[in-house]
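Down below are the structures I want you to see.
Common to both upcoming complexes is chain A, partnered first by chain B, then by chain C.
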Partner chain A sequence: MNNVFAVTGIVIKEMYRRKDFYVLLILTVLITGVMGSVTFFNDEKISRYLKEICLLLIWISSLVIAITTVARQMPSEKENRTIFPLLAKPITRGQVLFGKFLGCWLACGIALLCFYVFFGAITVSREHQFHFLSYFQAATLHWFMLAILIGMALLGSLIFAAPSSNATICFVAATAILLVGRHLNQVALTLRGGQQTFVYGVYYAIPHLEIFDVRDLIIHNWPGIAWPYYATAALYALIYGGLFVTAACLIFRRKALN
Partner chain B sequence: MNAVLRIDNLRVEYRSKEVGQRTKVAVNGLTLSVSCGEVFGFLGPNGAGKTTTMNVLLGFVNATSGSARIFGVDVRETIARQRLGYLPELTYYYKFLTAEELLRFYAKLFRIPRAERESRIDAVLKLVELEAASKRPIKTYSKGMQQRVGLAQALINNPDLLILDEPTSGLDPIGRMKVREIIQRLKSEGRTVFFSSHELGEVETVCDRVAILNQGELKVEGSVDDLVHQHQCNLEQLFLKVIGYRAV
Partner chain C sequence: MLALLFVLCFGTAAWLDPRYTALRAQRPTDVLSVLMGDSRKMFANHFFVKADAYFHSGFYPTIFDNHESFQTPHMAGDAGAMKDENEGEETAFMGEPRDFIERFTRHFMPAMHTHLDEGGAEGAAAGADLGEAPGGQVREILPWLQLSAELDPNRIETYMVTSYWLRKRMGRVNEAEQFLREGLRSNPGDSALLFELGRLYQEDRKNDDRARNLWELGIQRIQEEKKPLSDPDKFMLGNLSLSLSRLEESHGNLSDALRWLEVFKPVSPHPSQVQRQIDELRDRLGEPVSSVTSKEQAAP
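Our next item is the complex of A and B:
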């Protein structure tokens, strides 16, 4: 694991030395801050809408940070040819990939922590109450969802040559899953024969990112979800993330680098 | 003497991008061995298969057939690279890191103990004369300085075998002299150096043995003195003869 952690450290260092991360962070903080501090007619519902918009913004920012960070990892290693001195060391290709995955996931975790802490501080200053459990579960499940997305983008970075095409495909896929993933089985019910089998196949094959979207816990100040469900969702994310990383390792293992 | 590096009947084929040609042979039936403590020059014109052979030795490319072993270990095994240092032809390092951070990262990959790591970093930075710039990001370095970072990372694990791909390419005369001095110093310490170069005068000065490759096949191999004596010409003339160069 030493080698994996060494690569992880480099990925995190790269992220906080790049300017784009800070731009997105400051932008999100500014918008969240402004939206969180305005009050319209002292209406509680409006406050909820604002919370919803702020959380949506955090979700979009996290998707952008995660996908753009991962999508450039392997292509930039090949393009800048830093992969050669790296693989000339006693490190396996699997360790490089796993280190990249872990680095991106932890770096995204740090970014999420910044977002949620800031959002939490703004909300507490307005509502004078803080439901730690709701925030904890919403933030950590969000982070687990990013594990799936990072695995998916890492696999894509070995298949698609250009980071931009990989990032676009991953962003479209993630948005599509988040928006229509949960409705696919209902769509399948309206179909017959091969079409139904195909839609059911897609429904069961895709990683259901929408199950990690528990923003409503924060928006409506609902009590936290039961721990067994939380643990199952976390396990689901780790299994899917692991599957994507394993597939990436299998592709990268025999790939000629020249 | 023990063979540090051994290549047996190596063949490497690529998928060809040319129409009507499915594969292209980059290296064909290459057999050679490098003994402990030798400085071995790997020569050939561009496209002869030198870098492909080095890519096989470093595990970047898989051989189509044949085998390559370093310290008796198959090059596909990660452990084969534990006692190896590699300097690529051009400098490719993480530009957002400082030289010290880069060396610390590579030292971790070699599992050099923490106490030894820092002294080793200081020693290689001193050797390549980069102590003053060690805390600056690599992106601020000149080309010569980046090449010296490359040399420092290749030496971080105190390697028994050093693979250098055209180590002096793009360097000024002082830089070349410095690289030559380092190779000679490694030789005097009993380390094995395997390097490719187009600087034949330099090869003649520092190498014990050379091999000349042309169109993926080994044409000549032997000690520099023997080859020069046997062919009654210098290394450059021999090289041109072997690759079939005809002056216009």
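Our next item is the complex of A and C:
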């Protein structure tokens, strides 16, 4: 496990040395600040629109940070030829990949923590109340969702030729699942025969990222999610993330590096 | 020949100039309008619906769900700005879960029908109307309504709904009046806006004379229309004439109240009930009661 943690540490260091996270955090703070300075009908207590905008920016930023960070991990190792000295050490290919996965996931967790602390501060300043458990659930579900996405992007980085194509495909897939994944079964019911079977098949096969999008619950101050359902969702994310990492390991084990 | 050409050019220029000036005046000048063009109306509608989604604390049908009970936004129906065309049970638009994934997903999204003026998600006391008490979280719909009005200043329902919630549930009469006047600047003489402004003067400012003037102007605007009346025009003519009739009756001007009820009768969904009221007023005035109603009353 020490080998894995060594790789993980390098990925986290790389993350905080790059400017992506800082730029996105500053942009989120600036846009939210500008939107928060607008008053509607002289009412200072209106807050939900601001929460919605802030959360939307956090979600976009997290997707950008996660996908772009993961997509360049393996290609840059190969391009810079640092993969050879790395694998010359007593470390397996599987450990390298798992270390990359864990590093990216933890780095995204640290980034999310900063974003959600800002979100909490904005909410407290407007609403003068703080629903800690709901926000904790929302942030951690968001983080678990990123585990699936990071696994997906890591697998993509071994399949697709360039980091840009991998990142684009991951963005399109994640956006499509978030927007229509929940409704594919309804679409399938309007179709017939083979088409219905195919769409229903896709519905069951895709990782349902939209489950983890609980923004509506925290924007409108709904009560928190029951813990058994929360735990099941977390397990679902870890299983899917694990499946993607396992598939990536199987591919990487037989992949020629030169 | 040259003089003729000069006259022709001068005449054409004189004919074109006022039209060009008028065209320029109509053309939007703000950045948003220039950039977005007519797509603004689509976005305005989206934000209007979003305000209704906020009114339900996020419990709202998507384009994939059954819309029967959400054809008219509830916040607009409650405000009386739109004719309520909703059917069916408003809590059941999602139907039964179709599979285990959908059943599981519903634990992660709003799954209860509430209105912000009834406590919303926090109060979660569906059906417990707060009445005329300050509208709690209703203020949260206002940013989307204002955005909708800025994107499409000709969408009348936006002004009416905003004004209703501002003055009736939040007690912000000045802001409501200012917003309605902005609407009137964009839609001069609109009868629906005049009606809402009249209600504001009558109910909140207790200024019946001004309310009367505004409502009479609204009726005048509708009657000036040369084309046949549309359904929304008839709906608004009914609202205006009925309000005027009630106002005159409360002031003891029974003959004027009678006159407005007669305007209301052809556009009312229940003309026989209006006729009964007309007969009662005639009775109080000492005029003969209509034979049509006498026959209706005599019928078994």
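The rule is simple: the second predicted complex is superposed on the first by the 247 of 258 C-alpha atoms of A that agree within 3 Å, B and C clash if a C-alpha of one lies under 4 Å from a C-alpha of the other, contacts with A are read in each partner's own complex, and residues count from 1 in each chain.
As a working rule, contacts are C-beta pairs under 8 Å (C-beta built on N, C-alpha and C of every residue); 3 or more make two chains touch, one makes a residue touch a chain.
The structure displayed is predicted, hence computed values, not measured ones.
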item	value
Partner chain(s) touched by A:49 [first = chain B, second = chain C, both, neither]	second
First (chain B), second (chain C), both or neither touched by A:219	second
Partner chain in contact with A:88 - chain B first, chain C second, else both or neither	first
Partner chain(s) touched by A:258 [first = chain B, second = chain C, both, neither]	first
Touching partner for A:182 - first (chain B), second (chain C), both, neither	second
Which partner reaches more residues of chain A (counting touched residues only), chain B or chain C	C
Partner chain(s) touched by A:239 [first = chain B, second = chain C, both, neither]	neither
Touching partner for A:113 - first (chain B), second (chain C), both, neither	neither
Interface residues of chain A shared between complexes with chain B and chain C	none
Chain B contact footprint on chain A (complex, rising order)	2-3, 6, 9-10, 13-14, 17-18, 80-82, 84-92, 254, 256-258
Residue numbers on chain B that touch chain A, as the complex places them	14, 51-52, 55, 58-62, 78-79, 81-82, 84, 86, 88, 90, 92-97, 101, 105-106, 108-111, 150, 153, 163
Chain A-touching residues of chain C, taken from the complex the two chains share	54, 57-58, 62, 64-65, 98-99, 101-102, 104-105, 107-110, 120-122, 124, 137, 139-140, 142-144, 146, 166, 170, 172, 175, 179
Parts of chain A lying in touch with chain C, wherever the complex brings them together	38, 40-43, 45-49, 141, 182-183, 185-187, 189, 203-204, 208, 210-214, 216-217, 219-223, 225-226, 229, 232-233
